[in-house]
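Both complexes below contain chain A, partnered by chain B and then by chain C.
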Partner chain A sequence: MEFFNLKVFRYDPTKDEKPYYQTYRLPVEKGMTVLAALFKAKEEQDPSISFRYNCRAAICGSCSVRINGHATLACKEQVTKILEKYNTDTIVVEPIGNVKPLKDLIFDFDYLLEKFKKVKPWFIPKAPPPPDGTEYRQSPYDHHKIDFASDCILCASCVSECNALKANDEYLSPFVLAKAYRFAADSRDGARKERLEAVLDHFNLEWCVRCWQCTTNCPKEVQPYESIIRLRIIAAEEGYKTPGERHAEIFEEDIKERGMLNEMLLPMKQEGLLGALKRAPFGIKMFFKGKVNIADFFGGHKVKRHEEVEKIYEKAKEKGKQVQIRIPQILGVVYEDKRKTRKRANFLDKGGNE
Partner chain B sequence: MSQLKYAFYTGCSAKGVAPELYKSTYLVAEKLGMELIELEAATCCGAGAVQEKDEFLSLTINARNLALAEELGLDLLTICNTCTVMLRETKFKLDNDPELKEQVNEVLAEAGLEYKGTSEVTHFLWEVIDGVGLDKIKEMVVRPLKDFNIAPFYGCHIIRPVYLIGYEDPDNPKSIEMLIEALGGNPKDHEARLACCGFHSFWSAEDEVTLRLTAMDTESAKEEKADFMVTPCPLCHTQLDAMQEEAEEKIGANIDMPILHLPQMIGLALGMNPKELGLHKHVIPTDQIINKITASV
Partner chain C sequence: MLKYDVLIVGAGGGGLMAALEANKNKKVKVGVITKVYPTRSHTGAAQGGINAALANVDPSDSPEVHAFDTVKGSDYLGDQDAIEFMCEEAPKRIYELEHMGVPFSRLPDGRIAQRPFGGAGFPRTCYAADKTGHVMLHTMYEQCLKEGVEFLNEWYVKELLIDNGEAKGVVAIDIRTGEVHVIKAKAIIFATGGYARVYWVRNSNAIGSTGDGIAICYRAGIPVKDIEFVQFHPTGLRSTGILVTEGARGEGGYLINNQGERFMARYAPNKMELAPRDMVARAIETEILEGRGWGEGMNAYVHLDLRHLGAKKIKERLPQIRMLAIDFEGVDPIEEPIPVRPTAHYSMGGIHVEDYKTSMTPVKGVYAVGECACVSVHGANRLGGNSLLDIVVFGKPAGAAAAEYAENMPEDTSYNYAAEEERARKEIEELLKKEGTENINDIRTEMAQTMWDKVGIFREEKPMQEAIEKIKELKERYKNLAPGDSSKLFNTALINYLELGNLLDLAEAIAVTAEMRKESRGAHARRDYPNRDDENFLKHSLAYYTEDGPKVEYTEVRITKYQPQERKY
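Right, the complex of A and B next:
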């Protein structure tokens, strides 16, 4: 391919009624990044394109944009790789999703900043520094627990395709929860409760749908999803009773008592008798569709060799307290077609008015 | 044919609210020459819930599930996306951390078990494509799905995260489209192809998040005039099918989008009886699909 189309989202609220797209034809150059392509279009064809950038080396987090539907840093992605990834001759560059576009590719970060402030994203010491003049100290494992979450560059790529945020803009969003975790999990931090209360307002922490999209988008492998799950563990440890915590309890009980989850009794265990009554019409509907297993209402049966599970459960509960599980490092793990058989879908350019 | 033999991990849903998935999986597997040895001693994978309360417990329980497949000397086959990611996460963590593996094995030894790491965790969709092969499936089709516009709904845990799944590009997968094409159908790209059904936040954010996503997903398939959506995950199915009416109520609009399990779609193209495949067990009626498919022969 000699040339490709760089299709850019254009919007200037001072004169445009609504956004439109403008396409620039550019030569395909080896090693050219999407940010470099934006520069080339700006310098040679249209000086009016607006976008944020600074370091050009995936460190500052300024140039996050949505490329063919997925947010990432424009300076990190190569044009040739994107064209191959999406089987296309067109690269569509838009502002990241779930936020308000301000001008062309520039979006409103203040909206995210307001959410960010709620979790007090700064260190609040538990105690004054050691009197001998040394620094605050922590064990290597305590450091390991927060290390991965400390690398966030606030590019907001994780915000763009977040499913929970897409459904509800009251959701705090992945990087905010990840930062809350980074401090709540810090052995030197003294504001754990405050942070937990901020993220548990309306159980916001549990609005996460576990879609792993944030971790997939993150250009720095910060794994916001991992932080969200670990923050839930901390909330449970601190004694907060949440629907998610109750849900986990039911799963544990069912594994211990019978092996498999009892889906029939789940609503009653989760929400009590009143809650179950609220769900009754749904249950009746499911019954008439043959989706209800009557035996399970009376406990159902155990999986085979369940005595093994009982032994393992007891022992794991006892031993688990001393085990220090390490958080996997996923630095540099990218999708690679090992079998050379996987095809990729053709990128469907939904058009958008030019 | 004997190499297409798997330790079959059903998961809770296929034994609970999605009996039609359980049955149609067996029917289709048999037809395709896949032999499924059911792991009747397996437990629930924890579905992410146990993982967020007691990580070590979830790892040992799933190490046991994997050890059961290892006992048979077979790869473990799942029919649920969340089971897939949970089992693969356990395998990833234990295989990359010898110390943790040893600690887990100390617990398993209580029950005379050991996790070695010799069995892979694979999903029905992947084995249909890589094990059976799309060429063979093409030959077996007796009722091409040519009259159907089919909207794939991958479900999160069969594409993300890449370090645990890695089967195809999470930003741009194609396996379900490839399968639909092999069955003679027309895959329909739509906005929610790679989106989330909302299932996992149901109990904490039913109104705030879950039902809104369910409505967006099914509407997105409707916008593209799909005849039905197909998903490889029973949790997505329960959410999109059984909860669709609740989602409709939420947005005050009719959607009426039938949702099929992956094996049901394959079964229809292979000439199987829609009733045997359990199409009548869905909350959103599948009559139009059944009428169309029986008329096409």
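Right, the complex of A and C next:
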């Protein structure tokens, strides 16, 4: 292939009623990145294309865009690779999703910064520094817990395809939660509780639908999804009951008491009377479809042979004494560095340099 | 009209450190203006680390040894009092950064880890894996958010306003709206980074490292110091100039020419690929000049071959370099050699700082820190790990000094800001309407090619004189260049146009001062004057802007206890 089409999302709110796409024909060159292609189009064909850029080495986080539907950094993607991957002669470049486009490929970053500030994304020391004025001590293992999480370049690629944010624009979004993890997991930090409360507010940890889009799109392998799960575990360790945990407890109580779930009372137990009232219209619909029994409202009935359920519980209790799940065992998994390309067998290993 | 007591231009490490410090003075209003979001600044690209004689790894290290290494590294052009100050302050600033939360890599006992670096007598470089600058930049930005520092993100500063030898403010463009504003400020700190982009594709810097602050101050009448000194890194990727770290050669990579030879045998038979940076850079350039490279002109290159190391070792030990080569060059080093060539890396020269304790320039109320400034602590050649140090060590006192100056400065009521704003607005309006006959890429490429070929790694009188003429011609052609986009919102074509103007002014100053320095010192290597000449050139150059090109003067190097010796490693 000698030429390819660079199809660029164009929008200037002062001039255009609606966004449109403009296509530039460019030669295929080995080593050319999508960012270089954008510059080539801008400087040789159309100076009016606007996009953000700076380091062109995947460290500043300016140039996140959607390329053929997937959010990534324009400076990091080879034109030849994209053409091959999608088996096409056209590269479509659009602003990332879930944000407001301001002009062409440039989106409103302040909207994300406002979310960012909500988790107090700054170090709040646990104690004053050592009396001799030297550094806080931190073991290599404790440093390792925050090492991958501090790789975040705030490019917002994780925001683009986040299904939770799509459904709820109050959701803090993946990179914000990943940053909350970075501080909550820092052995030197003293504001773990404040941060956890910020992320537990408005069910933020629960909103994540585990679709993995953030971790898949992250160009720096920061693992936002994993950090959300890590935060859930840390919150549980700290004694916070997340709505999810409460939900599981209600399930467990119901099964123990009745051998089946009481869907009439579940919302009330979970969210209290007021919260449950919000769900009343849905409950009524379910009733008319024959999905719930009104008798459940008054406690309802048990399953047949409920005594067998009780036996299962007794057996489980016995076994429970033998099998102990200890939190420290889980910790190793919690803080595991899951980067594929940069994972180091030994975290003391010397990295690259200039 | 926007009004600040202290205005900081640039939000990389130097700017943010100054902002944090100035902001502690509650009597002054501090603002930071930046053409990108702060975390996009080039500080984030610094990988290796930051030097400080903490003596965590080797207890015999000390600030005195650090100072000597730096003086020697500078090829004795650094000001020794400033270097001593920097090395004394270094440990304190590292601890301060750590107390802000920077996640430094650790030793088993929990203290900050340190590693060896080129030109240093001890393992002195503190680091956070391979992203030291990134975590420093983000941590300082986070602290600014905590302290509520005010930012003007995506604003471009076009001019510095000076009256009667005093700072008055700046003219700036809000890139988001295209509006031109005059911003009133009593004290202005420039922290806008270097000018390695005069070599355009053959450089390792961010696209925005166009020396804006230096050019703005230069045109406003502040001299630029030692601007002829540019550091070249031996191995940049062929098409982008992005760095391939020294680690690739450290692990055993070969440099190969088109004859299939490991050519370093000719230049450094003992050290081979691990000879000092400047030596390797000159060797590669010589191979290319003598026709033993691949490709032509700016696209010529040699091979960095890692294949013999095997897939396992490459994946385990050099994963990042492999990713860089794949992402930015489209080459997998397991299967193919990486095409490399030296790349302009760091600007030793910059805005003339008169007083290293405050970073003040000859103009009252104007300060400069970091790569855009020339104190000088790097002299003719900067040591690895000293640039991140420079920004925090000098950023802090500059912030404090600027705040104190502004606090004691009465409000100016006589300067006609409105007239300046009107004039600047008209200028930009004219520019947007302008019809051009030139292409920005053509002028920029010719500038870069000229600078690379004639004022690059090897320098010689005649080619440099040609370069001066060529740059003058390009400056003429620049007058026929137009931004080409008349829109208001995010008109980056206009910004790119203004940046090129800055680069051209600086390119001219580099060529002129380099031609006048008839000696070889540090990064300035002349074929016609291969030796250092302390008798005539142990002095800083100062270039003053005039319409007809730079007017050059010299000023003394401050020597305390280290008498110049031959620089040998």
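Observations, loosely collected:
Keep this in mind: the second predicted complex is superposed on the first by the 245 of 354 C-alpha atoms of A that agree within 3 Å, B and C clash if a C-alpha of one lies under 4 Å from a C-alpha of the other, contacts with A are read in each partner's own complex, and residues count from 1 in each chain.
Definition applied: a contact is a pair of C-beta atoms (placed from the backbone, for glycine too) under 8 Å apart; a residue touches a chain by one contact, two chains touch by 3 or more.
Please read all numbers here as calculations on a predicted model, not as lab measurements.
Once the two complexes are laid over each other on the shared chain, residue contacts for A:Cys60 go to chain C alone; chain B is not touched. Judged by the touch definition given at the top, the superposed model places A:Gly133 against chain C, while chain B stays out of reach.
In the superposition on chain A, A:Tyr24 contacts neither chain B nor chain C. In the superposed model, A:Asn163 lies in contact with chain B only, and not with chain C. Once chain A of one complex is fitted onto chain A of the other, the partner contacts of A:Lys76 are limited to chain C, with no touch recorded for chain B. Judged by the touch definition given at the top, the superposed model places A:Asp186 against chain C, while chain B stays out of reach. Of the two partner chains placed around the shared chain by superposition, neither chain B nor chain C is touched by A:Phe4.
By the touch criterion defined above, A:Lys311 reaches chain B but does not reach chain C. Looking at chain A, you'll find residues 341-342, 345, 348 touch chain B in one structure and chain C in the other. Partner chain B is touched in their complex by these residues of chain A: 68-70, 85-87, 163-164, 166-168, 170-171, 202-203, 206-213, 215-216, 225, 229, 232-233, 236, 242-252, 254-255, 259-264, 270-271, 282, 285-286, 289-293, 296, 303-309, 311-313, 315-317, 319-320, 323, 325-326, 328, 330, 333-337, 339, 341-345, 347-348. Partner chain A is touched in their complex by these residues of chain B: 12-13, 15-19, 40-44, 46-57, 59-61, 64, 85, 92-93, 96-97, 100, 103, 106-108, 110-113, 130, 156-157, 160-163, 166-175, 177-178, 189, 195-196, 198-201, 203-205, 208-210, 212-213, 216, 242, 245-246, 280-283.
Chain C meets chain A in the complex at residues 36-37, 39-42, 44-49, 92, 94-95, 98-101, 103-113, 115, 117, 125, 127-131, 134-135, 138-139, 142-143, 145-146, 176, 206-208, 233, 238-240, 242-243, 245-247, 316, 318-321, 323-324, 327-331, 384-385, 439-441, 483-485, 487-493. For chain A in complex with chain C, the touching residues are 12-15, 30-33, 36, 42-44, 47-48, 50-62, 75-78, 80-81, 102-104, 106, 109, 116-117, 120-123, 125, 129, 133-140, 142-143, 146-147, 150-154, 183, 186, 188-189, 341-342, 345, 348, 350-354.
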